[in-house]
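Okay, here's the structure, questions in a sec.
Chain lettering (A, B, C, D, E and F) follows the sequence in which the chains are written, and residue indices restart at 1 in each chain.
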Amino acid sequence: MLSKTLHISSSPHINKGISTDTIMRNVVYALLPMVVFAVYAFGTNALFVILASLVACVGTEHLLCVWSGKPSTISDGSAVITGLLLGLTLPPIFPIWMTIIGGILSIALGKFVFGGLGSNPFNPALVGRAFLQAAFPVAITTWYPAFSEGRFTNFSGSVFAFPFSTPIVDGITGATPLSAFKFDKVTADSMDLALGLVSGSIGETSALLIALGGIYLITRKMMNWRIPVSILGTVFVLSGILFLIDPKLYPSPFFMLFSGGLMLGAMFMATDMVGSPITPLGVVIYGVFIGLLVVVIRIWGGLPEGVMYAILLGNALSPQIDNLIRPRIYGTKKTKP
Amino acid sequence: MNTESYWTILINASLVNNFVLAYFLGICPFLGVSGKMETASKMGGAVTFVMLISSVCAYGIHALLVAINAPFLELISYIVVIAATVQLVEMFIKKMSPALFRALGIFLPLITTNCAILGLALFQTSKGYDLGQSLIFAIGAGLGFTLALVLMAGIREQLEYAEVPDVVKGTALTLLAAGLLSLTFMGFSGLG
Amino acid sequence: MWINGSREGKNSTEAVLTFASNTFKHGVHPPENKDETNKLPIRQFPFAPVIILPMTQHIGKPAVPVVREGQEVARGQLVAKADGYMSVPMHAPVSGTVRKITNVPLIGGLVSTGIFIEPFPFSGQEVLEGEPISLHASPEKILQGIQDAGIVGLGGAAFPTHVKLKIPEGKNCEYLIINGIECEPYLTTDHRVMLEQSDDIFIGIRYLLKATSAKKVLIGIEANKQDAADLLSSKTPIDLPIQVKVVPVKYPQGAEKMLITALTGFEVPSGGLPIDVGAVVVNVATTAEIGRLLPHGRGIQERVVTITGPGIKKKGNNLIPIGTPLRYVLEQVGAVENISEVYMGGPMMGVSASNLDISITKGTSGIVVFGDDNLKKIDKIYPCIKCGACVDACPISLNPSRLGILAKNEAYDLMAEQYHLLDCFECGSCSYVCPSNIPLVQYFRLAKGIVRKRKAAKPTVHA
Amino acid sequence: MTIITALLALGGLTLLLALMLILANKKLYVYEDPRIDVVESMLPHANCGACGYPGCRPFAEALVKGDMSPAKCTVNSEDGRQAIAAYLGVDAGAEEKRVARLACAGGFNVAINRAKYAGISSCRGEALISGGGKGCSWGCLGHGDCEKVCDFDAITMNAFGIPVVDEAKCTACGDCVEVCPKDLFSIHPVSHRLWVACKSLEAGDAVLEDCEVGCTACGKCAMDAPNLISMVQNLPLIDYSKNHQTKTPIQRCPTGAIVWLESDGNVTKGPESKKIIRKGRLRVGES
Amino acid sequence: MSAGITKHTEPKADPSSTDEFIKGLWRENPVFVQVVGMCPTLAVSNSAQNALAMGLATAFVLVMSNILVSALRNFIPKEVRIASFILVIATFVTIVDYAIQAISVDLHKNLGAFIALIVVNCIILSRAEAFASKNGIGKSILDAMGMGLGFVFALFCLGAVREILGNGTLFGIAVLPESFEKWIIMILPAGGFFTLAAWLLLFNFFKLKKAKA
Amino acid sequence: MSQQQTISTPSTADTSSKKMLTAMVGIGVICALLIVLVYDGTKERIEQLRAEALEKAVFRVLPGVSSSQMFELGADGVFKPVNKPEGKNPIVFAGYNDTGEFLGVAIEGSGQGYADIIRILYGYSPETQTIVGFYVLESKETPGLGDKIEKVDHFLANFTELSAKLTADFSKIENQIIPVKQGAKSNPWEVEGITGATISSRAIGNIIGESTATMVPLIFAQKESFKKNPDQK
């Protein structure tokens, strides 16, 4: 008895028990309702886009790990999230070949080159999305109306465009509420926006489901609630003020909140822990900055939607925020940095 | 002959057409000095300062060359006068304020033969800005340069401790990050 | 799991029971696991066949043996004298024969001289007494008495108590804080001491008051030990300026600095000592020991140790002679077959034993044993995802995430210069919450050691 | 007309520039001995600090000043040293090459581990946790901190997790000495070939329980070479000020703790030392 | 650190003329290896034609200024060295600027201010300073031609990739089928960064492979 | 100092100022000569090429035109024929056909596009009070996307007969030219945009709208002064 080998390790010897893969798994759970709704709203085409993105991301992660001689990191679940998020931010009839390129670049360019999970300066899914936006601006702004007839049986020629060839858009296309507003000053009904009865990217339309997913993660303490609250709050207040100044020129704050990718971005992309600041105050500054940029780009910029760029810029700024915003160390005077 | 408003010039020069990320001006210092946050911000300040000086210089030279009808001397005069003026200012600062010299001065020689500076002078001439517009243009370009440099420094400071694959290490990594930053700045398109 | 302190407090009718308006910032709430032992009374432990008394049981210089091999010693007899001010003497925990004096392993992995005492077959509990220290003696005399009794901080730090109690010139001691927090999970040593040795505690407080000339005494107790708080406040002698303060349960409230902030609201300056804000903190078991030993001029020979954890069959609080080998202790209380990890101290700050041949020392506040079955090992380490959980947990508001990344890259100087590494007191809150399972505390301990070493050898700049 | 304008304008411009440069040249000239640059360029730029200066440039300054002899840079090749000496017109000086030596031979085939360690993979990290899992409290932990810290690739971990120093590459910079948590490295002149490869303060069976090649403090070496070796704290202490070019002390060593280091990197043990044939790892806890 | 040890053991033997020429093309390629002259490299490489024109213009200035600097090297005092070099370079850049305008206004418009910015291209000043001011005219010409051609080569590598992917053409001639979807990003600034990074990655990859072998 | 002989320390402080002066000025003179030589050699051809390019643009926006004349808008609001633009005043070009008949005016306009300022030239015919042609002088719009404004037929078709009709008293434009989205053109003064290049095409509509609002009433009022082609005096 008692001759067995002991294990030694550093204190503390107990752990809270929430590990990184648990967090990632829960984020995937929170995203699933949106996937289901998206497929319901946009049909099988959307499903193909999401699957393509998922496979591309997970496959790239695995292959790159194998190539660089490291153990595969797909089990941490971050690539799955990237894949789902990328898929959810693309238009429903986005060509699969472009989706795959986006997925590969999300992982390779967005994460791998910077040293993998934890070192990526930008949200990988958004890196992929931004690349696609810059590379294929037409395809990525070709929308498909929600709840159209035959959406489950009709396979879009655009989705299955031959690799590297220009997608041919057959049938009707729809405009997103944001572009309709930007170019024709037409606003959509807030209720339709909240329920997701409008056109847009695959996963961004139902503000309600997104909010539910976010709340699930917040209650499980797997997401920093300050980020979505500060982003949405800033957008609401700022656009509210503008709306009060001139309701004809500026859209209502509800329209701003529920339209486009704001909800999805604020809940699932800006909250990417790696790209956001680490301190509570820093996180709020980050959120306000993103909210501000969303309003500025949407209202005065050239693009109808600015959430993606706003979050990427927020990501770029967050090292600075972390550098400047440091909590006062216990027992130090406030004057010291 | 240019009627752009100061605001448009400022936003355009700093964000939409960022000198580094859209015009590729000043890439060398951008790649070289963006490793540390502190040096990056100082460098940004120094560049903005030199831009203001050279903007005034370029405006003066242009007017003078138009007067004596010798446009062909534009380039050579720009480079020589700007270099000389910066040198002069450097000596002046060294004498007047050693503290300021330590903060700014060490970067000045680096900056003199920098394409961002000369580019600024050439652009303001070709766009036909008046003195006020030129100064705003210089401030905007300087701010944009500083912004790009500082953001890059933040990213690179973080990457310093990342397990970057061997193939990517070095300039390639910085360029990739710069590319992503450039992609990000596309969000500002159409502003102003 | 943790009792809402404020509501509990209001129900209590005790007059002097108040609540700290503040607690400290951040901190964590690990599962307490104290229920299994906190009702069990302290039990006297038998003498082991051999008692191994290492000379380094405290912070400071090792004691110097004053006995020879083969010499017979009586329980309580001085066997090693203090080597200077920053040192304490050792007393024989048992009557017996000194068998040998040789190198023995210590828990920290170091080796020190140790005295092996083989108890007489029928060694009793009676203790050799020395010259009593009167309550009316001068402060210097009392401090000398505390040193002569070999008393060190029994909470786990093992810092010589007389050094801590010495108020530097120019400083005043406003508060004497008695630390009955015991925030480490599993441990119930201090809890039982408070319940069973309250009289000794009050005598100890009298000595301490005399030694420090403090104006007020604050006894800090966490809300999960309400019974102890009630008992102490009900038995408080009216002539003593004692206030029993119940604070919400939170780890690491038992750390000196955190406790001072929780009870008084003051922050001990970075790099400073509690006396800088007019406070002296003494562990409750140490206080009880002073109250028990000084009136009789005895030296410390045993201490209360909680032996618990899923790997122990007979859990309990034991009064164990110092120097009892760990192996003997575990055999007596019955450890499970597949014993896997043994911690000296609690699971948050305790040290893994690499060797069962080490002895119980003055600083051993508890022994927690895990078997293979109940050890939840998360051995997969993920990269830091900057989730910020550690930032929210760190009681001194450091940025463990950044520090961890820097430590991994051996940027130790940067850690010390810009990220306040040396303020870390290794409470383990960051590692506890880390979802990526990064051994942050180990990194920081390593980094601190290296930074201190470099600071000591500053003059030569080395590339 | 344009030619005249151009000539005048550019001539004026260059005149101005020249005047300014002349002024600057006269006012702001700082003299620095140009030889420093030359000498620095002749140094290996290892910036290892083995010479005692923080880097190569300060060393170069010291050389030019004459405070140092070129030989102090042990990293430099002999030719390099001579070149500097010739350039500065001084004597190259003679400095015996010094190398780092390791006082442990307890690889995992001969030394036991009492406990299994989990945590950061570094000796210094493991040493913090109860001194590490190794049975011998003094022994090498084998994570190779020294290998990592060595800038000259002079240290490699052998098949049993013990660092081996390449005498040719070692510059005696002392980084490994500093990094080893068990203080097993020390810097010695290469001529110190008689070597005690153990640091255990234990004696007798207590040593053998943990490691088959440890010094049991039997004292046979001290008996065979009483003037050269004395037993201090259960270890032989070699007095290197005496003549130590003898293999006598290793002859009767029962464990092979005292050895002769050959210049080709091989280690010669005494004929009576226990032969180690095991190649595999000792099970943890086994002795 | 360890790399530094071998630094000064460079062969002191006189390098052959061909070596002087070849080194700029590959071993010391200004863009891929020395990573200098980035501004024009990235800015005008969005089409093969622009890249080639820019590269040739730079090479011309490089050669001409190297010749002049080398010829005047004994005449110029050390103190006014840099200033004189800049004057010489600026002169040739002005000449090239007018020459290109005289050839095609459109081309000049495409290259924009970057022709003038050749003045501050680090390659030219560094070659003048490091080589031409210390070597004879013949060698300087070879060196400049090597470096210049290396620059042209690098620019062409970039421009070709960017034009083919971004526009489906090479020198304006369609090389990919009509149905090819153009990768607009390649002709945008971000694409410049990415393409150059990709080339550097390729170089690194082979370098590492060679180092391992 | 004796040791220094072995190395070629470039002499420093002893270089005479005179040598530096002559070197610098000498190089300056060489440079000036070289530059002037090339400038003089290429001047004519460059000016010719530039004029051709400008003429080409004017001819493109004013169909049927074969010669043009530059006019400058003075501070007093009067157009005067000039040969070289001076100062900051707006410039327009009057276009004439083979027979010297005045056909219309080419007007330059500029405004913020998607990427940078877009500079355009458009032709205005006072006769029909319409915009008759359009040409992009300078734009940095995204290739393949924003640069559709130079290529897409249906967009360019906007400018063959775009109404810039003045009010009855000729003091201002009756209906300012505005951009609308593709397929939504219902009035002759609307510029139909391009789907996929919405921002750039709208920018063109706005530039023309703003420019015509100020320039057209002025030009219309002085249309007689353009009719005389100074070249054919």
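Note that contacts are C-beta pairs under 8 Å (C-beta built on N, C-alpha and C of every residue); 3 or more make two chains touch, one makes a residue touch a chain.
Predicted model only: the values in this text are computed from it and were never measured.
Path length between chain B and chain F in the touching-chain graph (shortest route): 1.
Considering the contact criterion stated above, the chains in touch with chain E and with chain F alike are A, B, D.
Of the two interfaces, A-C and B-C, the higher number of touching C-beta pairs belongs to A-C. In this assembly, C is the chain whose CA centroid lies farthest from the centroid of chain F. Rounded to a whole number, the gap between the C-alpha centres of chain A and chain E is 41 angstrom. In terms of their C-alpha centroids, the spacing between chain B and chain D amounts to 47 Å. Note on chain placement: the centre of chain A and the centre of chain F lie 43 Å apart, centres being C-alpha means. Among all residues of chain F, those that touch two or more other chains are 12, 20, 23-24, 27-28, 31-32, 35-36, 39, 114, 142, 144-145, 199.
In chain D, the positions touching at least two other chains are 2, 6, 9-10, 13-14, 17-18, 21-22, 25, 47-48, 114-115, 118-119, 125, 128-130, 132-133. Of all residues in chain A, those touching 2 or more other chains are 4, 6-10, 109, 116, 118-119, 131, 134, 137, 302-303, listed in ascending order. According to the touch criterion at the top of this document, the contacting chain pairs are A-B, A-C, A-D, A-E, A-F, B-C, B-D, B-E, B-F, C-D, D-E, D-F, E-F. By the touch criterion given at the top, residues 31-32, 35-36, 39, 85, 87-91, 112-117, 140, 199 of chain F touch chain B in their complex.
Of all residues in chain A, only 68, 109-110, 112-116, 118-119, 121-122, 127, 130-131, 133-134, 293, 296-297, 300-303, 306, 308-310, 312-313, 316-320, 323 touch chain B in the complex they form. Looking at the complex, you find that chain B touches chain A at residues 37, 150-151, 154-155, 157-159, 162-165, 168, 173, 176-177, 180-181, 183-191.
Taken together, the chain D residues at the contact with chain E in this complex read 14, 17-18, 21-22, 25, 41-42, 44-48, 75, 80, 151-153. The part of chain B that touches chain F in the complex is made up of residues 1-2, 4, 8, 12, 16-17, 22, 72-73, 76, 128, 130, 189-190, 192.
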